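Got some structures for you, see below.
Heads up, the next two complexes both have subunit A, just with different partners, subunit B and then subunit C.
On to the complex of A and B.
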């Protein structure tokens, strides 16, 4: 196959599927050859998924994890976008709070676990708080930078047409910054999904993260551990796919490089 | 001698227009890091109502600064700009500034862009105006298209349409065709003249292209390198459509080439 040749339609599906099959085969034989009786083979995992679905806890756990992400990410979105817009709009305000933001931002959300349990106790609120801590700052920073990067030409055009500051924000700055805000939302949804698993390992007694740890603790069921991990991966992929759909809306598509 | 003659002609011709804009001894000094740079030096200029004036000068000479000052985006260090005898204190929807094609809003459709400044009008009137200007700039069939689906020339026409839709009495154009290829540029000049003749706006057009200025303008204001001063004003007394190989066209063009200090030989 020539590097410049357009891949044919069947090739676009065929090669990725083949790659995952090869991966599964290597995994399968690696378990067989090492004669491991702890680490599960793909077939064990498949049975494990079946068992989880059969027991009916899985759907409940998925629902719990998604609910926590939705709450934590939702609060980040509702607070983060307006705060980011304001900070981008008033550079003086950004200068005042930016050092604080930049200092709190690199602290891993995991490091907040003890404080979250101290403040909220073991339960949903602690997990939601951790997700919020992980996803809030990327949204604020992306919105702030989005506003700052609005070409001055657009703002000047807005002033020229006689827009008042509030109209300027709504009709020029927000739509012009929206592609960058969406990038921030995508990144922070990814982080939220990472954080929920960690949070559920310590701060609550349900959810996919809890399932991973619980499967190991109650009888070293590594087939269920890997099955739960697989579910986490698949749902993460679906979430990312979902939020990427927003990038294809026509009024923001200009901000994204078009892919073949 | 010839310069004096030109000045008189320019002067007499200006009488034919009613004064629209008057820049009075404008100077502009930018200071940065304690260093100050004089960009404009004592510029006085009158532009008539309905006149098409080109500001011509080398890149970086300050002609864009002058245009921005006249449009109200910058305030001069000294002097003042008056339009309709009112001192300009800021931008105003009665005079629209047109950038290069990058100025169209990429998040709005062609219709959305043209209707952008029409938020005070009734829906009916807005629809009527949008339809009128879509037609005027030849974008029928692209009403629902987004700028990224348009060519450079179409984007530029869209920006002109967005400016005209609010029915301004003046347009400021800052090297509007600079990013277009040379064929599209020629077409756009013809389009602009057609629109200007249809809409009777006062136009101030900044360019560094001598040919462009002689093809378009009623009067070419030749500016010197920084700090910008007005070197000479040349009246282009050729009716439109202009024959760009006529002796008079070549004479005027070569006169400006000489004025700028370029021998007309490559």
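On to the complex of A and C.
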């Protein structure tokens, strides 16, 4: 193996698939050898997924979780990017608001559950709020830093061309900050999807997070717990892959100054 | 001495220092040694429970046992857990060998070959269905189509709700049932996120005492022999240390009789249970449960009656929480209750 070597096309699929198979085999035999009567083997998990598909609830659960994450993340995006841009543009405002942001940011979404139920009742709104609380701050911080890191040369060039501040923000600063904003979006989407289990502790009755919690409550259904975890992982992978594809769009690539 | 050696010594010294401090301040070496002994030689038996009034006999039994310096058997240590799944997992994975559990959950575990047995009841009654004081709901018919919160489909509170609904010719499908952690229920009712909730005490009394909720119906009136929390023990403990299990049952039965003997005992119990080591709750709320009315929860009759357990088992099968009937002998070991000599509680 050579650190500089480019993987061949078939290798990009072959190695991950092989690694997954090896992992499954190790998992299966680990369960067998320890004779655990709780931890499910891959076959138990597969049967659990089959059971959910048979009952017709699996796609509904996946859809409901994705919907909540899309709403929460969408609101974070719509509010977070402009707020981050403004805070980056006006450093004085950032100095005032930053301590609050840094204080609220580390609070785990689970800690917000009692308040979210009080403010939003039970169900989707409370869950969406928790997802919003998890995903809002990375977007704000990334947008803020993206604006701050725009070379002053760009801003001066814009001023020389007679652009007003609003036009500068829209036509120079935002595109230049876009790579960093996208990194923030990627982190934020990851957190939003991660928070889904906590968010679905707000008395909802569907979703992958709900599946984890409910299976845990119901006697010994750890096969469904692990099945839900696997599905959360796979969907997280797909979401991350999707958002990384955004980075390949031409107008976004403009902001990546390190390449030609 | 060169820099890298100094750094190495610094890091090593720091790690050793912090570890020693941690070992001195945080690690309970007695408990650690105890957990490595076999069950017939332990000094302390950890018994897990939730901070609910259904489990009140447990802190009383622990305190009373501590005061008895004559017995040479293990003492009991109360360990507070905050949810049934955590207790269930700790029991399954042998981290604890005794706990208060929900009876249907024990039946389900036994059906799935987990070797546990119910050896005593913990209480009777103590569940309520609460509605807002300013609401117009006076019967379940008024609540049709509304949202009712329950702790879990596996909680006996759900069976209580179903029983009440069946009495009026209704079923839980006529309502929107949501599952919620009991501590969140009072504020959910206050915020009108739910229209009613069904749970065990003190989560009914918490809202009632705050003035915004009133019981629609109580097990005290409708189902006074209601059982939910039962003392469950792993089979290994029964096999390796039956004398200790007998002593535990003696103290639980003694605590039950003591609690029902005198209201002053209930007041003393509220004081003990409120402590941070036990329930860590407001003493006034626990006392409110004890007083309003005085038999809201009862602890005196802790007999294990086959017909009652079969009834609960059948209700669970009907509710869909048990897949198939579980025989009484497979999850109950009643020799300890039959041979019980209730301990004298002098707290």
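Criterion: the second predicted complex is superposed on the first by the 241 of 260 C-alpha atoms of A that agree within 3 Å, B and C clash if a C-alpha of one lies under 4 Å from a C-alpha of the other, contacts with A are read in each partner's own complex, and residues count from 1 in each chain.
By definition in this document, contacts are C-beta pairs under 8 Å (C-beta built on N, C-alpha and C of every residue); 3 or more make two chains touch, one makes a residue touch a chain.
All of these numbers come straight from a predicted model, not from anything done at the bench.
Of the two partner chains placed by superposition, only subunit C is touched by A:119; subunit B is not. Once the two complexes are overlaid on the shared chain, A:23 sits clear of subunit B and of subunit C alike. In the superposed model, A:203 makes contact with subunit C only, not with subunit B. In the superposition on chain A, contact of A:216 is made with subunit C only, not with subunit B. In the superposed pair of complexes, A:159 makes contact with subunit B only, with no contact to subunit C.
Of the two partner chains placed by superposition, A:15 touches none, neither subunit B nor subunit C.
Comparing the two interfaces of subunit A, the one with subunit B and the one with subunit C have no residue in common. Across the interface of their complex, subunit A is touched by residues 71, 73, 90-93, 96-97, 99, 102-103, 105-108, 116-117, 119, 146-148, 166 of subunit B.
The touching residues of subunit A, counted against subunit C in their complex, run 37-38, 113-114, 117-123, 201, 203, 205, 214, 216-220. Subunit A meets subunit B in the complex at residues 151, 153-154, 156-157, 159-162, 167, 171-172, 175-176, 178, 250-255. For subunit C in complex with subunit A, the residues that touch the partner chain are 84-85, 88-89, 92-93, 105, 108-109, 111-114, 147, 149, 152-154, 178-181, 183-184, 187-188, 190-194, 321.
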